[in-house]
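The chains carry the letters A, B, C and D, assigned in the order they are written, with residues numbered from 1 in each.
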Amino acid sequence: MTDFQSIINNIHNQLINEEVKGVVASYIPELFKQDINSFGIFLQHIDGSTYSAGQAETPFSIQSISKVLALSKAIAFEDNRIWQRVDVEPSGNPFNHLSLLELENGIPRNPLINSGALVIADILLTHLKNPKEDFLNYVRTIANDQTINYNTKVAASEKRTGYTNYAAANLLKSFKNLTNDVDDVLDFYFHQCSIDMSCSQLAKAFYLFANSGKCVNNIQHIPVSQAKRINAIMLTCGFYDEAGEFAFRVGLPGKSGVGGGIVALLPNKFIISTWAPGLNAKGNSLLGMQALELFTTQTKLSIF
Amino acid sequence: MTDFQSIINNIHNQLINEEVKGVVASYIPELFKQDINSFGIFLQHIDGSTYSAGQAETPFSIQSISKVLALSKAIAFEDNRIWQRVDVEPSGNPFNHLSLLELENGIPRNPLINSGALVIADILLTHLKNPKEDFLNYVRTIANDQTINYNTKVAASEKRTGYTNYAAANLLKSFKNLTNDVDDVLDFYFHQCSIDMSCSQLAKAFYLFANSGKCVNNIQHIPVSQAKRINAIMLTCGFYDEAGEFAFRVGLPGKSGVGGGIVALLPNKFIISTWAPGLNAKGNSLLGMQALELFTTQTKLSIF
Amino acid sequence: MTDFQSIINNIHNQLINEEVKGVVASYIPELFKQDINSFGIFLQHIDGSTYSAGQAETPFSIQSISKVLALSKAIAFEDNRIWQRVDVEPSGNPFNHLSLLELENGIPRNPLINSGALVIADILLTHLKNPKEDFLNYVRTIANDQTINYNTKVAASEKRTGYTNYAAANLLKSFKNLTNDVDDVLDFYFHQCSIDMSCSQLAKAFYLFANSGKCVNNIQHIPVSQAKRINAIMLTCGFYDEAGEFAFRVGLPGKSGVGGGIVALLPNKFIISTWAPGLNAKGNSLLGMQALELFTTQTKLSIF
Amino acid sequence: MTDFQSIINNIHNQLINEEVKGVVASYIPELFKQDINSFGIFLQHIDGSTYSAGQAETPFSIQSISKVLALSKAIAFEDNRIWQRVDVEPSGNPFNHLSLLELENGIPRNPLINSGALVIADILLTHLKNPKEDFLNYVRTIANDQTINYNTKVAASEKRTGYTNYAAANLLKSFKNLTNDVDDVLDFYFHQCSIDMSCSQLAKAFYLFANSGKCVNNIQHIPVSQAKRINAIMLTCGFYDEAGEFAFRVGLPGKSGVGGGIVALLPNKFIISTWAPGLNAKGNSLLGMQALELFTTQTKLSIF
């Protein structure tokens, strides 16, 4: 039997002393305050057992990781109708985020790039009575943790400086692919991204994707088929322009955020989450990527 | 001697009965109310004589034509320093307006595409005490006509629906190529574009570009060298993706607007303006283009 | 236990009568001669058992499927050094195949798009003594079948008409990312793509990717880690601009060819191959895609 | 009266001592042998008078300047029919030469970029009995000089290394916008570009564009209207991605070549040619651009 605890300990010990730790995200001023030396790993097994190393209980800004949670809620409302407004193909392109959106008439490449996540936010805004409150409750429910909350400082910080998101939202609106008011969509989106969660909370929240749509409390939130499809989207689109690289090196569906978090999972087996704020050149956690590569290499547990 | 009056009359008579008149711009709701049958031509000779046919005295929305006037005022303030923030090359690309801006790190291709005009508006905002009032006064002065005014309905209409301009302005801001507030720049820009002028007023306002920088009242507003350079920019960039076509068929520096207006000029000779609200597929006045082609073909007066 | 034979039979029966069968590829004249009604399915289980329906033993042109075989041979020679000359990211872009190559300085997005496959062909040309003979022998060996052969008519047909491949090869050469002569690389590449194989032969040839690098004869051709990585590349890049869609709907690593073939696999479980010459708008076999989606839906066997 | 001789002398004297002279083109090995210190200026007035400074009689490789001569011959054969196969818009894009061609379905942006010039070469190949001989005779005729010749070393040098042109020609062929054999078109094109001419010979050859289609021997080679249109194309497209800059700074229609030559003209007035092999970052002669800017600034002779 795989000794997850010692594998995780070894990886944590090995990487914590690396000199090159990447660069903390500076484009959202609040995020820049993070300590480069923070490093946590958490593994939630499908059988209920858990394993952790380092700062696995410290909350951090989940940022883009929230896109997967928002997607799952949008699918719960609209099922496959959402694919009329957003595609499922990798974006592929580091240099021209808005270009593709323009060339493809306002249909975002996938729901995990910013423009796609804005369309998903627009869908949630249409369905939720009290959007911010209701979405937070959804996250608390699937993670089984009522202490999870928005970080309003981070949300406000991004609202003041998130010009590219304003640009994307207005471009979507010009293509009539936003039904709600641009400012309302962005306000919701900035809050969604500002949620603070720890590695442990994230692993629990993603339990449903590894468990055929059922959360830790055994409630079916989305159909089996949609859980699989979200995993497929995470694999092909979860790591910006480094999705191929992550599939290649790690071989698990997952999602990263500029706060330095990563969650990945092996269906029917486990969810593993890491947090290390230093990012590589493509915006993914440097130590996190390394930790997950070591983990799948040593355990031989990957989808491939 | 060229009989300008009968040439203009003949062209007006010939084209007024064309069945295909293009399509009135609908993206700004207020503009869509224009009468497709409106058609005016006005010629202002450098020697002071004037010639007109049709609705040459009816004001219409000058829209993008205002970009040349704004450019001349920005050059009056900053001379060649403006070229650090905007280039002078044709944009060439019909499909991806924002794409090029992204690829070129927020430096617009030229001051006559929307993103470039937003940078120019930002420059004016920085220099003018009461931006909207002062700019309007500048236009009234060079056209020697105090009745010229903003059309606040058109400005408000564009403010409500100008999502692509909001997208462009935010993208520029993300590249730090706007110094003022995004909303302030757009408010000024939408007003600038909303100015109503007739063919006759436009021809007078452009007199300074045909007259080495001196307006109809003989005041030097910009240096000779800059008047020439603005003409060069009009020739290479004045007609969206049809700049080459206009140079090829008409052979004059000029600028068009989606309100259906066109102004063109032969340095040291004349300024000619047309108004016909029906646009061709590239967004330029269909009859206006034809009128100007007929005019330079028949008079053999072009820069080539 | 899953009754593979009746599942395959049912899928074959259900789809063979579909009226919409897609369009046979016409850009290679020889391929256009294929019968639109051909349809075969073959499943090779890792335990040695096999299941088939329809024309599973009829050879057809494997075309791009050969890229995976060539990649595995290049990796056997150069291991991870090949990634200096080709990336592992999805290409994402339907419209501009050569554009990305230009923008990214001659480094193809991945080894399964044409430009990437030309770089792989160049690597093989450098290492193989008698390139065409040696590569064919490799394919015969891993498929355990000496009857597999090039279709010289198809190779010649593509040589006469493969202008985009000539364009790509010359562009690569201009970026110094081909070491051999352009014509030699293309001659080898056209032969590689021209190989005729049946569903049954293809499934056997891909056995090594589902079996940690060991072929049907239990010979280790590539390391375990590289077999996994090739599977990851197939998943993210194996279906042109429809890679995300295939991962989303089918959930298996695989590769398609314009001859109408598809091979997909579940690591450590099975390899499944289909052949139906009618292609969808993105160039993948229409019935093949449907067959595989039905198969993974009914068996619940996918990597997600 | 303008004293052309002393103006040219002064400009030559001023610039010959500049330390920064740009970089000699290295991509065609033969061109790299040029002496960076070569510098000639020649002015041919429409009244027959001529003025020269420096190495105005030394032949050099005219390269892309030949595209204008080829275009005029193609227009003589097909008049406006050629515009069905090539557009007249500036290309605008430094980074993706082939990309635009791909996006625009094989219709080159204009006849002065490489892909457009290949289409023109294809047209000439179709019409000329002995293409290379006949084209050379045409150039000799309009320049009134039987000593002009191909430089077969330069042609051969480009044939060996011109991979991007091979790529462009094959891409055009894939879009069916070449009727002749790819290799034949390229052979003709490489010869066309390899012609050696001096500043003096070039100015004479371009006399017809400044003289309403009539060459120095008073023979009408193209209609007046087409001479004007070729001037318009030179102005908007003659200087690669620096066409706007040249119009802005110099204000004359013109064409440059990587051999370091530039020809420009003021219709009905003069033709001026320069040669200085050092190129700027955009591939245009550095001293040549400066010389022409000084010339139009000092003489106040430009089309604007």
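Worth a mention:
In this text, a residue touches a chain if its C-beta (ideal position, glycine included) is under 8 Å from a C-beta of that chain, and two chains touch if they have at least 3 such contacts.
In this text the structure is predicted, and so the values were computed from the model without any measurement.
Common neighbours of chain A and chain B, by the contact definition above: there are none.
With every chain reduced to the mean of its CA atoms, the largest distance from chain C is reached by B.
One finds 32 Å separating the Cα centroids of chain B and chain D. Centroids of chain B and chain C (each the mean of its C-alpha atoms) stand 55 Å apart. Centroids built from CA atoms put chain D at 47 Å from chain C.
Of all residues in chain D, those touching 2 or more other chains are 95, 103, listed in ascending order.
Under the contact rule stated at the top, the pairs of chains that touch are A-B, A-C, B-D, C-D. Every residue of chain D that touches chain B in the complex is listed here, in rising order: 87-93, 95, 100, 103, 109-110, 225, 227-229, 231-233, 235-237, 241-245, 247-248, 251, 253, 267, 297, 302-304.
Within the complex, the chain B residues that touch chain A are 95-99, 102-103, 163-164, 166-168, 170-171, 173-174, 182.
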